[in-house]
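Input: one structure, supplied below.
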Amino acid sequence: MAVRVGVLGATGAVGQRLIQLLDPHPEFEIAALTASDASAGKTYRQASKWRVDSPIPEDVAETTVTATDPDEVPNDVDLIFSSLPSSVGAEVEPGFCEAGYVVSSNSSNGRMDDDIPLVIPEVNADHLDLLEVQRDERGWDGAMVKNPNCSTITFVPTLAALTDFGLEKVHVSTLQAVSGAGYDGVSSMEIIDNAIPYIGGEEDKLETESRKLLGEFDGAELSHNDMSVAASCNRIPTIDGHLENVWVETADDLTADAAAEAMREYPSLDLRSSPEPLIHVFEEPDRPQPRMDRTLGDGMAIAAGGLQESPFGLQYNCLAHNTIRGAAGASVLNGELLLEHGYI
Amino acid sequence: MAVRVGVLGATGAVGQRLIQLLDPHPEFEIAALTASDASAGKTYRQASKWRVDSPIPEDVAETTVTATDPDEVPNDVDLIFSSLPSSVGAEVEPGFCEAGYVVSSNSSNGRMDDDIPLVIPEVNADHLDLLEVQRDERGWDGAMVKNPNCSTITFVPTLAALTDFGLEKVHVSTLQAVSGAGYDGVSSMEIIDNAIPYIGGEEDKLETESRKLLGEFDGAELSHNDMSVAASCNRIPTIDGHLENVWVETADDLTADAAAEAMREYPSLDLRSSPEPLIHVFEEPDRPQPRMDRTLGDGMAIAAGGLQESPFGLQYNCLAHNTIRGAAGASVLNGELLLEHGYI
Amino acid sequence: MAVRVGVLGATGAVGQRLIQLLDPHPEFEIAALTASDASAGKTYRQASKWRVDSPIPEDVAETTVTATDPDEVPNDVDLIFSSLPSSVGAEVEPGFCEAGYVVSSNSSNGRMDDDIPLVIPEVNADHLDLLEVQRDERGWDGAMVKNPNCSTITFVPTLAALTDFGLEKVHVSTLQAVSGAGYDGVSSMEIIDNAIPYIGGEEDKLETESRKLLGEFDGAELSHNDMSVAASCNRIPTIDGHLENVWVETADDLTADAAAEAMREYPSLDLRSSPEPLIHVFEEPDRPQPRMDRTLGDGMAIAAGGLQESPFGLQYNCLAHNTIRGAAGASVLNGELLLEHGYI
Amino acid sequence: MAVRVGVLGATGAVGQRLIQLLDPHPEFEIAALTASDASAGKTYRQASKWRVDSPIPEDVAETTVTATDPDEVPNDVDLIFSSLPSSVGAEVEPGFCEAGYVVSSNSSNGRMDDDIPLVIPEVNADHLDLLEVQRDERGWDGAMVKNPNCSTITFVPTLAALTDFGLEKVHVSTLQAVSGAGYDGVSSMEIIDNAIPYIGGEEDKLETESRKLLGEFDGAELSHNDMSVAASCNRIPTIDGHLENVWVETADDLTADAAAEAMREYPSLDLRSSPEPLIHVFEEPDRPQPRMDRTLGDGMAIAAGGLQESPFGLQYNCLAHNTIRGAAGASVLNGELLLEHGYI
């Protein structure tokens, strides 16, 4: 029987992607949709300006949207997906956890908290057990797991494949799609025939979230990886798909061939949304490209290419679909992991 | 009296920009236009598909195009600007030098030759005296000076401003406009809603040309700078203006403030096409941007911004107009330098 | 058992789409791929620069490409799909028909010939019987059917739905995607931040093909519809999907409501590639839009919207995926029709 | 001595263009800048997010912005340029006229009022005398003149050149740039790789404003032109420049040659911002194009091309820079006309 799920912030860009992914999902059944108070009481069709490239599922369209409040969500909902703006998330998500809901959240609030697992299942599924610590400390019946920022998710799986070589220094430049900023985040006048070398707060997310994700959890405490990461973030005129240039310096020698092999063999999981292979490594030097490769693995694969030895260690490019693998799909995959690990 | 000049490869993208810049130039007078044999004998209007954003100068339009051959160019032409494809340049440029013409070339052939000065006037005007060595070795009556690749020109002036701090390691990611590949270089199907993390040969140009430009000329020999440079190059859907993310590690401590001051104070030259200031340093973290800032200093300024201390030294962004400062304007400026230094 | 098919011009943009559509098609099996002489003898992977947004089918990738010559195609191939440049098509397609092959061609040569059926199955399937006349006149064992130009296919089904009202005058402005010109047809420098109000020969195709498609076939001769059509064609910076503004003046009164009903009820066919509904009529005034709606009906539906009464009759917008419904899918659908009507 | 002018709504997209045009204007001197209450008291640099492609004029940057209220504007200001949102314009513009200010407004409110002159100086400068009627009726010391909508301005001058042939029916399809909607009007996710066949209220503006502009003023009353106009409006991914496809049916025969001649000879005015020629007629069938031709005549020219005889009268394309000729420049030109006609 499918788990009944709710979506917080269901009308936004990530909320729409969540609905697109959850509607056909055999393990989950959409049972609650919340949005701002202004939308409460409307049908989802009325409340949302649907802009995903497949029609609104008919039953979702007729669902009545409620306010984002634990009291408005049916008790038989067992799992909550949250794609709220971080300020709203900070305010309302803890209330859902207190009320007993398990929350898989894409919102950035709390991601770096010591007792909140920040998880990419193929990378650090074992961090999920931090939830025991979390429940002890916070006294929640529910639980909160976060997925990282879209630009972090894009490059961390490739680094995870290289940890055996001793990660030391990482430089990363991002070329990010406009959908990462939400539907109204980037105006057309800002970005057509242009690029913007700044995304507020983004560099810090890449630098800190990556070290938490690749850290070690000893059952009680989580230590962050001690590599150093320097990020430079750019917005470019693409719709979907974040492309990243990466340089990695490692303690041990690392050839391009060894890196390609490590990435190709890096395992995916036996979860519905985890693609096989997880990392698709291209031979062609001009790949991956956002429009060509963002839908690999139904948007859940990581694409890598251009592996070569640079003057300073390994150099390569990687790509992921920022609103699927980087946001909505990441939350759904964390939901699948929560289910498998018995938290639901 | 204006110097009579010729343009080799006058119908291409850089050739058109050269004409746009040379036509109103008080020191130069267009006296010869060459193109492929197929165009020889036609008027320039017939031979070129003019696509620059100002009308063809009327007198240029009616000029008869000749083949790219020293015998076809009038003897009273004193300076040749070349924007030939590098394979053609390698074949025909030496003939012009032998025939006594001074050539300011944007073509990539020969840039790394020991006796060919690769010059950005504000950075290494003193390298021009390598022409004495060149004439000795090659027995040319003419001379050949090259300007670097467009992506090299964008970041080297900012590095030049920082040499006192002891340049050691440089990482650079480029976001390059489509005009850098010429009119037919990038098809629309390749680049709309996309980015391409590969430009053939480009990374090597950034890595090697920068070290030659920042090298020392002792009057006899040119030694290259011993910094190391690692480059990653991307094509994005912008028309003009290359944007670059740079990280610099230096021997001495380098704060963002000290770097900004060094860039702001880096001198321009008293040449017509050298802008004042040479480097425009933005305070706003989201600048420079290609569409907003590529025309600073009539397209000849370097824009920099986002200066900050990263985990590994200084981090910043820079931008230049790739077909003006990065190509046609670079050649014209070298022409002005040749004139000032008495080579014409 | 699946019909064995060949693809002429298999490496081009439409050829790649044909392979993408034919590979999973249960009624057809790809048995021959042809291209220019330069590609003959190579595997398809070597010969094509694959740029469709799904991977090359593995068995197709390893197929050896032959020259475009009837002698090079196995005899047990029963149906040929052609997406050759029209000049090449004019030269080689008749040879295939003489050699006994039935050809479903997307190439523009011969479309207006009196004895060549120009067919959109949902619009004028009965024109297919013109093949009897064709065989009589040309003495072919094979046969040739054409689908119209992509911009013609976009608006003709909507007109077909309105024929009962007496079509008299039609104005149509097109906003066409770059893929309509093939992979290298439109350079990025031509179209980024731009639009081009001219596509050579396109206006004439809309004006004449539409009248042939809506004409009557009496079993012996085809008379063209006597409506008048005036077209104005524009290229805009979209990848796929032609959008068209249409005004129709009819002999009888035609309200927007009646037109919407006629379009909604216009029947599709019981062929695999004919979508249900054929015409998707939007209520939202700002639809259809290329990126949102081009994949309706797997790219085979026609989308319409903005129906309103203008000062001069009915006004509306329509949209179709130009390389699926407008080209490769159109040829495949004609192949299905040929099969159903017993020509294969 | 320069006329002291104020700009209402100075921080918006058109407000910034107004400042860019007025700052170097020898007849006008910027003496007041107004914006929303939230901006009042700030310097212009603080209040505006400057996004025009030339730096903020230094003296403007330091000017203190006031609320949009006649009491906040110095009495010695003689002319007001208004680029307010229409709802705000409707509310506050009359107050400025009552307080004695002459207002040249780009806002759409009131454009179709019987006693408000809607003026393109080269087309209907004589309508300006409607101001006498206006003052009689409204008892204003000041006066109000409007310029039309950007998409109207683009095609009306070409129609004005053809009035002698007896305009009867006009069809027009527009391909409009995103800047027409203001800085945040069109999000990047809406328009990249897309087109939107709907701009709220725009079709009606083309259909009605054009008839008012080409109407006759007999000294007491203005009668509208009795041609019929049907418009279909599209937003496309270009930054600046509206392109329009036009069909005109006339009472008298009209050849493409006669139309081209009439357009070429249509006179400009002896006003600073009126370009010579007013209408630039291209021979090349693929022109005008937005990126290539929008800056003709410093953005104040009308470009036309593609003139041909269609099945229903004349067909052609036209183009104008929508934020210069179509908005800010239109208001400035009306200001110059007011000055010349002695209203200031």
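Order of writing sets the chain letters: A, B, C and D. Residues in each chain are counted from 1.
Operating definition for what follows: contacts are C-beta pairs under 8 Å (C-beta built on N, C-alpha and C of every residue); 3 or more make two chains touch, one makes a residue touch a chain.
The UniProt protein names, listed by chain, are A, B, C, D = Aspartate-semialdehyde dehydrogenase.
None of the values given here were measured: they were computed from a predicted structure.
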Worksheet item: Based on the averaged CA atom positions, which chain is farthest from subunit B?
Response: C
Practice prompt. Please state whether A-D or A-C has more C-beta contact pairs across its interface.
Written response: A-D
Worksheet item: How big is the gap, in whole Å, between where the Cα atoms of subunit A centre and where those of subunit C centre?
Response: 40
Item to complete: Compute the distance, rounded to whole Å, between the mean C-alpha positions of subunit A and subunit D.
Response: 47
Worksheet, complete the sentence: Check: subunit D positions touching at least 2 other chains come out as 51, 192-193, 237-239, 291-292
Practice prompt. Using the touch rule from the top, collect the residues of subunit B that touch subunit C in their complex.
Written response: 13, 51, 178-179, 183-193, 237-239
Item to complete: Spell out the residues on subunit B that touch subunit A in their complex, using ranges where they run on.
Response: 169, 171, 173, 175, 192-198, 207, 228-230, 232, 234, 236-239, 243, 245, 247, 285-292, 305-306, 310-312, 315, 317
Worksheet item: Once bound in the complex, which stretches of subunit A touch subunit C?
Response: 51, 53, 192-193, 239, 291-292, 295
